[in-house]
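Below: the structure, in structure tokens.
For clarity, chains are labelled A, B, C and D in written order, and residue numbers in each chain start from 1.
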Amino acid sequence: MITCGIVGVTGYAGLELLKLVEQHPTIHLEKAISDSRAGMTLSELYPWLQTGAQQLEPFQADALVGIDVLFLATPSGVSADYIRQLECFDGVVIDLSGDLRLPSNLYETWYGKPPVAAFIQTEAVYGLTEWSRDKLLTAKWISNPGCYATAVSLALVPFVQHDWIDPTNIIVSACSGITGAGKGLSEKTHHAKSNENVQLYKIHTHQHIPEIEQTLNTWSGTKATVSMSTHLLPINRGIMATITVQPNDDVSEDEWVHRLQNVYGDEPFIRVQQGEPEIKSVVGSNYCNLWVYKEERTNRLTIVSVIDNMQKGAAGQALQNANVRFGLEETLGLLSQPQYI
Amino acid sequence: MITCGIVGVTGYAGLELLKLVEQHPTIHLEKAISDSRAGMTLSELYPWLQTGAQQLEPFQADALVGIDVLFLATPSGVSADYIRQLECFDGVVIDLSGDLRLPSNLYETWYGKPPVAAFIQTEAVYGLTEWSRDKLLTAKWISNPGCYATAVSLALVPFVQHDWIDPTNIIVSACSGITGAGKGLSEKTHHAKSNENVQLYKIHTHQHIPEIEQTLNTWSGTKATVSMSTHLLPINRGIMATITVQPNDDVSEDEWVHRLQNVYGDEPFIRVQQGEPEIKSVVGSNYCNLWVYKEERTNRLTIVSVIDNMQKGAAGQALQNANVRFGLEETLGLLSQPQYI
Amino acid sequence: MITCGIVGVTGYAGLELLKLVEQHPTIHLEKAISDSRAGMTLSELYPWLQTGAQQLEPFQADALVGIDVLFLATPSGVSADYIRQLECFDGVVIDLSGDLRLPSNLYETWYGKPPVAAFIQTEAVYGLTEWSRDKLLTAKWISNPGCYATAVSLALVPFVQHDWIDPTNIIVSACSGITGAGKGLSEKTHHAKSNENVQLYKIHTHQHIPEIEQTLNTWSGTKATVSMSTHLLPINRGIMATITVQPNDDVSEDEWVHRLQNVYGDEPFIRVQQGEPEIKSVVGSNYCNLWVYKEERTNRLTIVSVIDNMQKGAAGQALQNANVRFGLEETLGLLSQPQYI
Amino acid sequence: MITCGIVGVTGYAGLELLKLVEQHPTIHLEKAISDSRAGMTLSELYPWLQTGAQQLEPFQADALVGIDVLFLATPSGVSADYIRQLECFDGVVIDLSGDLRLPSNLYETWYGKPPVAAFIQTEAVYGLTEWSRDKLLTAKWISNPGCYATAVSLALVPFVQHDWIDPTNIIVSACSGITGAGKGLSEKTHHAKSNENVQLYKIHTHQHIPEIEQTLNTWSGTKATVSMSTHLLPINRGIMATITVQPNDDVSEDEWVHRLQNVYGDEPFIRVQQGEPEIKSVVGSNYCNLWVYKEERTNRLTIVSVIDNMQKGAAGQALQNANVRFGLEETLGLLSQPQYI
């Protein structure tokens, strides 16, 4: 049995982790941590959870002895505060915020907050699971990827790795369900504002842009530059990234599909598909579905990637990373299917 | 008083026209035409309309004497059938379908149906109102633009006209509310399928792509090529087009906004805006709102255009074209504001 | 020309009033008042409004000279504060909050706040327009009815007035769109909470319950008691009240419809309908649609009433009351149709 | 290992059963049956299912040898046809339609179709699991309750069983998500019609009304009569029933809650709760949540019941019944939690 703690159980990612861990056969919830609601029980917070008697505790670094893995399901900045207190923590830390994803200079530019110590950030393993397994096995700090970054990077790494496309000419149009905006109250997420609406936000300034570029640069010989627009949709969950790229090879659409299937054919959570993409094909699950289409008129490719932002884009991938880190079957506790209807 | 007939009153565009004409001070509904529901009264069809006693008639070309303007709010293919019967009709025909928009060869390729006679299509004036006023004044046939085409073309014509961007490098990601898919029943529009979903459809094959290219070519020295992806959203109305282009001039974002305001400053229905775009800023109205942003990192521009697909993207623009055609004030009957909340 | 001021233009009812007044031929917006946003212009707040240059002012009772009618589109408690300062105001005050609706003792019980002076409340005319026209003609204070109260009272007054039903056995199940919960941020109205949800709230404690009973008591010989449950729905606008009552007369369903049509046949904003009720048949308009059905098995009646909570349930009825008060055509500026699709 | 067949896998209930069985440790899918799609594989129908290679077969009664339990996830009328062919089938039949729920005369009145043979209907056990366990153990035919009937009966059986309320004075206002209307295409479920709408339907004629009365009569000394209104909501899943009753005992609200907890305290799928009811507290799970409130002013009780119409209201309860029938742990395969966000 592996013991875990979840910090930030009142937020959406924390809640999703609670639900996933509750059904996990090996990883056991030892501590539910929340500074704002310490003292309450889980069942007071979420009356419909099964394991309700557990009491919420405030974050205390020296009370974490015996915890094998600590999930930080806290916002950027808050995670950094906790990370600074966790240097002496013996277990593994998986941070779902952006605080371990970028080197200090980039972090300050895109997040506008003080970064964690550079030596910690450098040591952290970026947990895009399918592309990080070896490094994850011995990681102390795991930086869980951003939701948009997961969707886009899983789609594009094969293309830049094999030099199939021009990495300087990548246009991403992405959209996300409202949980992507977090649980905090804001005008943007007031139902009467968000409903029957599409809101374009953080234009040219979304912090997942440098994260994607950094990931692509790891696998590409040429420095990647990505333009990404992010749209907030009136749905609860899910991300779709529609990506337009310029291929280097003049091969058929079938061949592009075939190439992608070759890369991902054995992956339990990635499905290369054909037909018309829809976000519902993954919502409620840890899958990433991918499609690739060739536009004969322009010789451009359209690559489409969909994930559930709360699962593969947050809590699901975090648990997948924990499974890998502790040598468990990678799919343990993660095989729920999309709700679909 | 100008008399009009509306063909296809059971469809969404027909209904929107009914509502708009009901509140128009000068254009009067003389005939409500529907082959499928002939004999019913308007109030049986729409109990909440004000002018309910009127009876629906079947389409009969020789019964249209005295009608000044006939709106064809019928699907592609159906409009073509009616158009073939309207050669001797004395009034003006405004077709909301795609049947007059493209030359025969392009039409056959993209619509997969038999085109109308070439001489009629050639004679038809493409009614992107803001850019077609002179020609509209004497038109017999007016081809009302497609919804996506309206949103994208209003955004891009100024940029290609002045050679501000590379017309061969235009990437459009567009999304539409469900009324854009029409009133016909389909799995795609069943609530349990479309709700909490995003569906990408007609990938690389949307019939508005050649329409946009044709419009841009009218104003550009260089042949335009456009890649456009179209997403079906779980909202009723509205289109947002997020357009990525490569500018030829190295000027500031403020200057780009300024240039666009210079072009459209006097237009009653076009508003160049700043801040974060949202589709709700136009839904329920005939406005087209535009934004332009410069991405300093990549030197690309992001241009955003939003319209209500049922108004500026269909019935609203059709009525605007009728106003122009008959020398009325262009905004007559079209000044309803966005519902917003 | 009649001049008006609107207090609370940042809220939903204030915004709806702004939009309605903007299209009203006779009533002219003289002052847009907001304590929280004083100094901004309307166009900074709502870039898509047409009359944007106007500047928001703070509430100052002595700056209202020359205003014919002042709309208080402010929450309960806030309206009371302003009302206390308006004793010397020369114009008409139309309060959209609950602060003038109930006598002091009931107000304190149901609102839990200090009431306005009893003599003001007593003098105020309760503006359920269709049933208050005579009194409205000379009113200084007009108390605009609550949204649920409008829907339910318009349905039931004819039945209790003619002693058609048992007024002690009235069960109302009502549901409302999210704008009914106001613009303030709350967990209840966070999209991720409210979407795909129904939330039952204020069980047995909704402040519109005594308001409905008071209205029915005005018209009934027997004291009415009403049980009402209120459900918050994931839609923006609209109220449906499904009302179950015990009839005193054993007549057919057709006769019940006929009786209701006799009462309301000449009303411009009330439509007695047949077929299946839907909330969309009024949303975006000032109409109240009514249906009555007889359950033969149980001899109960089901009466259904739908309104747009922002129009007939708030701003629309306020303007209708203003039209009556100033001797204008009652429908002026209020004939917009339901958006429907 | 228990083998099952599912008839009607293309419908919503069939799909939900497929998903539940896929994750069930003991019940194994042997046959996926669909007359309309025979020959396709499951993965062609639902590319995101895990067990995709299985081929759909047409219904053939003599090809079912070796199947332990056959789920009929087919519409009323269609189930009846199959049931007539299943007299010689050796296994257990669980019918999710209404075809086994009512005696012939009531069935003909409310369903308007020819009933199954009376001896089969009489033999069938009505599977409201919590109240039918003994009879289920030996049932050949199990009639799975209707969705509204499940929600309402679970709430009311304790009250009529103990004579706590007047069974002749029960008013139910119920609402359902759109999956309740089935997968068939209809104007009512076209997104542009259903979205932002509430549609009241089958007024006084819903076929679950006699089903509820029959269940209550089984447990009550006095014949029950129920009035129920059913509202179609723009959400995918979930039912809320808000029930108003007249109590016989003058006890406190706490005592009512206590009484209900006494009845259901040991039930794994029923939770008596306090606070404000919401439909989301069960959607995605097999739970039924119950609340009871006392209105002091009127001495009425409001009882609220919520279920997921696809789980506890259909496929979930069917599997729960199968678990009971075959002596398995009742919760097997049914402990998924509500999705909540």
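Going forward, a residue touches a chain if its C-beta (ideal position, glycine included) is under 8 Å from a C-beta of that chain, and two chains touch if they have at least 3 such contacts.
In this text, all values refer to a predicted model and were calculated from it rather than measured experimentally.
Engineer: Give the label of the chain whose average Cα location is farthest from that of chain D.
Structural biologist: Of all chains, B has its centre farthest from that of chain D.
Engineer: Looking at C-D and A-D, which one has the bigger number of contacting C-beta pairs?
Structural biologist: If we tally the contacting C-beta pairs, C-D comes out ahead.
Engineer: Could you work out how far the Cα centre of chain A sits from that of chain D, in whole Å?
Structural biologist: A distance of 37 Å separates the two centres.
Engineer: Need the CA-centroid distance for the pair chain A / chain C, whole Å please.
Structural biologist: That gives a centre separation of 46 Å.
Engineer: Measuring from the mean C-alpha position of chain C to the mean C-alpha position of chain D, what distance in angstrom results?
Structural biologist: 39
Engineer: Residue numbers in chain C touching 2 or more other chains?
Structural biologist: 12, 179, 192, 196, 234-237, 341
Engineer: Given the complex with chain D, which residues does chain B contribute to the contact?
Structural biologist: By the definition above, chain B touches chain D via 12, 177-179, 183, 185-187, 189-192, 194-196, 234-236.
Engineer: Show which residues of chain D lie in contact with chain C when the two form their complex.
Structural biologist: Touching chain C from chain D are residues 171, 173, 175, 177, 192-193, 196-201, 203-204, 225, 227, 229, 231, 233-238, 240, 242, 244, 276-280, 283, 293-298, 300, 302, 304, 341.
Engineer: Please output the residues of chain C touching chain B within their complex, sorted ascending.
Structural biologist: Listed in rising order, the residues are 12, 15-16, 19, 22-23, 46-50, 179, 196, 236-237, 271, 273, 275, 281-282, 284-285, 287, 289, 310, 335-341.
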